[in-house]
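Input: structures, listed below.
Note that chain A is present in both complexes that follow, paired respectively with chain B and with chain C.
Showing the complex of A and B:
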């Protein structure tokens, strides 16, 4: 404990801020991928699989084309294809979305493993100097400013884009006609149908966009956060994204806050381990936070729901 | 009707995905691994010629290696696989490799291998030891081998390493390196780092040596330690390593199999330094890996297969490969020498060679973590 107090300035320094955001970004993309379908009342448990396929596609296309941008685009298309498979199964044939999602996750794991072997003749992982990474944004004028320079310089392009995407989705959900329709479909499909909204069409659109975001999440993981593909490199980040989405009630801003909480617990853990806190405890922290955060948000949701109900009754 | 067709299609897709899993470990052996770094081209190969000394004449000896992690880690598992592949070439054995990332998979793979009736089953790491202890007695006719730890059963041969001795040298090298403030991005603070995969006793044996070696050079040095909790999460490894750099470390030792790929990548990204492990990783991120603590897992794997081929397999025996026997060593620093040119601190190499001689002669006794060492 003393060691922690002595090294307080080394644990809580400026770099912790960026470290938090850095480890949260992949989860933010995953959470947004799950949030848009949740608004249409579809639980996209396949986020993990979509991300993994996206990560693989991004590395493959970047390697062969020499362009990180093409890599991202291809990853988004691949994500969309996977999500469309899920959408057809769920919307057209009415099968259980959780079952399809888990199927997709397992398929993604197996097929990427197979393709790494088939395309690159390598087992388990693939890395090469020819994989073009997503560039980092270096703002020259920030270099001379001490704290701001350390905080905001050399962010990955997709990390900046994550912030834009959060704001854009917030606007899309709550300030546009399409967003209103999306939420109507999610909350009360019969009413939406009566109002002349084509429910299934809106659901397909939500799944499509979700796939695009999920693919981008994967591309960020394999070309931005790191420059390689490794079997199962998502390592449950997709599921943590889904948990954060629940925490934020599918509201992009609150969801992102949940992700930052995960990122923070992860980064602080990485720093605390160095000073004798048992690794087992530190590695448990993100999951404890997940359970705690979900419980709190569910309790809040229940009590809000009860209030609304009683208001209805008193109205009668 | 449509629903039924869909379910048939989905079943077919599932079958395809399963064969996809299977065939990835049964790909043909013709293709060469590209560039040499992507080790483990094929995982199942039956040699054409049968070794004369084989116990059963006729069929080749069947060997199964159960990994606790994946191949492609460019570290521990790949090293083990290299030894096994060499045995395929030299003795014409039949080889099967089973990979797995979770404890349930490891146990299932081991039991599956036992049921398949292989002649020799090699547990590639200490993670598998408990399962061999549990299931080994049920298959008395199968020969087992375990690398990196000891299992005390009559049909199990154990091979472990003096990783503490190799790590002592790595720790000394790191402690000397962090004093070279004229090298780019080496700061004033005397802090070095260490990132491990799973928190298991073998890694503590590494750390014990690393700490002793670093403190031998500089008693005031501070060592940051972290575990990723996984052998297969390089992103976690990268995050932990970046955190240690941000806390003032200049050089971080990687002891993390597949997770370590991220450790070395962090060294490159932060423009700092790392020490590789198991295989020679100096060239993985040239100019950022000072040296590697090479652990000859390939030799261990090869030797145990050879002993079965020659009929000299000794169940219940323990081998302990030390620095003096070439079981562990540092690389020759050549990649770093080239990268730094005139700036390269030659005294690190000289000191390490000196220390190695002292360890071999017994002048320096490197401590072991509890339960490790020649007697264990």
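Showing the complex of A and C:
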């Protein structure tokens, strides 16, 4: 404990800000993937699987084509295909969403394992210098500025894109006709139907976009966050994303803030490990934080809801 | 009765379809599907060792699948069985190593009771969060699985470590008799079967079981007729946790004889699969658990005998589950049309 206090300034410094954002980005993408379907009242438990398939596809295509961009595009298409399987199962054939979502997660885990063995003949992981990573944005003028340079320089392209995507989705959900329709379908499908909205079509569109974002999440994980594919490399990030989505009530900005919290606990943990904290505690920290934050936010929402109700009654 | 026949037919049809897709995958990588499936079957049943291994693998799956099913009967989606297996296992190991002051029969009881208590307490957390605050239990249980894994991993590589290169605990002083040496099939399988029969009887023949089914079917109705739906929900989740704990205890006392780091990975999720495929039907769940354990234990034999990676088996089970969840998938066009017509006529 003393060691931690003595090295306080080494743990909490400027680079922690980027470290937090860096570990949060994959979760932010995952959470946005879950948020868009949640707006249509579909709980996308399959986020984890979509991401994993995306990660694998990105590495494979980047390795064979030598282009990170093609890797991302392929990953997004693969994510969309997986999410469409789920959409058809849920919307057309009436599957329980949790059940088919978990099925999708299992399928993603198994098929990536199978393909790593079948294509690259390796078990566990695949890495190679031929995998082209997503480039980092180096802004030359920032190099000379001390704090800003450390904060904003050398971000991965997809990390910048995450911020654009958050703003875009916020706009899409709350300022466009499509967003209004999406939310109407989620909140009151009968009313939406009466208003002439094709409910199932909107749901399919939401799932399709969710798949594209989920694939991108995977591509960022395997080509931006790291440059390799590891079995089960998503490591529950998809579920953390779903938890963050609950925390933020499917609002992109609040959801992303929730992700930053998990990213923060992750990167703090990584630094504490150097000072004698057992690795298992460090590794479990983001999970505990996620469960705790999720519970607290739900309790807060519930009590706020009750207060509103009682205010309504006393008002009468 | 007709419904039972129908669901059996559905399950068989789904099974054939999943194996068919698996065969296509095998063809795609240039192997012979018939050879692969024969090797799979041989790998699961050929000889005492392999048959015993299949049975040993079946034991925990039987318990975890019923654990998932019982929680599902109360309307919960308990993905947390795996964490409960881990914690039950570590508790059984701790008691089995340290409480040697107890006479042997008592020590067995203490191991099982301890495992059940700790696992039930662990299941209580997400259950209460869901029942009282509406926190989605799928999320919490999945994340808590990882926490449970790291807790046990810390314990066996730190305080409870045997000091070996592998992270594992000291051997326990009581073990379950292994009756098919050299395989690790042990008398735990009879304990598991007895427990499962008890749970099924309880669900179908007691008022508590009736309450669980009512809450799962319609919690508001349950509250209306005077059943405390929250309390029943939590108790069902805790029972589910206990079953996971028993599975962990049997694994530690029967299969390994000590707590092995990571030993329960996949046990919970495979049990969940078995239960989901048959839509949490308690009577079919054990058979599905058996089928999955045959696939699992035959997979290694298949990988050795042919060039087919054993991950293929997981792919088949995943496809299996995805098709099985689609409720209206096998109502063929004709039938659906007839249904539609019927509806229009009644309207």
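The criterion applied here is as follows: the second predicted complex is superposed on the first by the 301 of 316 C-alpha atoms of A that agree within 3 Å, B and C clash if a C-alpha of one lies under 4 Å from a C-alpha of the other, contacts with A are read in each partner's own complex, and residues count from 1 in each chain.
Here is the rule we use: a residue touches a chain if its C-beta (ideal position, glycine included) is under 8 Å from a C-beta of that chain, and two chains touch if they have at least 3 such contacts.
Bear in mind the structure is a predicted one, so any value in this text is a computation, not a measurement.
In the model built by aligning both structures on chain A, chain B clashes with chain C.
Once chain A of one complex is fitted onto chain A of the other, the partner contacts of A:117 extend to both chain B and chain C. Once the two complexes are laid over each other on the shared chain, residue contacts for A:283 go to chain B and to chain C alike. Contact with chain B, but none with chain C, is seen for A:23 once the two complexes are overlaid on the shared chain.
Looking at the shared chain after the overlay, A:291 reaches chain C, while chain B stays out of its contact range. Contact with chain C, but none with chain B, is seen for A:299 once the two complexes are overlaid on the shared chain.
Once chain A of one complex is fitted onto chain A of the other, the partner contacts of A:104 are limited to chain C, with no touch recorded for chain B.
With both structures placed on the common chain, the touch criterion links A:13 to chain B but leaves chain C unconnected. Contacts of A:89 after superposition: both chain B and chain C are touched. Chain A uses residues 89, 93, 95, 103, 106-107, 110-111, 113-114, 117-118, 280, 283 to touch chain B in one structure and chain C in the other. Residues of chain C that touch chain A in their complex: 25, 29, 77, 79, 129, 133-136, 138-140, 142-144, 146-147, 150-151, 153-154, 157-158, 269, 272-273, 276, 309, 311-315, 317-319, 321-322, 325-329.
Chain A makes touch with chain B in their complex at residues 7, 10-11, 13, 15-16, 19, 22-23, 26, 89, 93, 95, 103, 106-107, 110-111, 113-114, 116-118, 120-127, 221, 225-228, 230-233, 235, 266-267, 270-271, 273-275, 279-280, 283. Against chain C, in their complex, chain A makes its touches with residues 43, 45, 85, 89, 92-96, 98-100, 102-104, 106-107, 109-111, 113-114, 117-118, 236, 239-240, 242-243, 246, 278, 280-281, 283-284, 287-288, 290-291, 294-295, 298-299, 302. Residues 2-3, 6, 10, 13-14, 17-18, 20-21, 23-24, 27, 31, 33-34, 38, 40-41, 43, 70-74, 99, 101, 193, 199, 224-230, 232-236, 238-240, 242-244, 246-248, 258, 261-262, 265 of chain B are the ones that touch chain A when the two sit in their complex.
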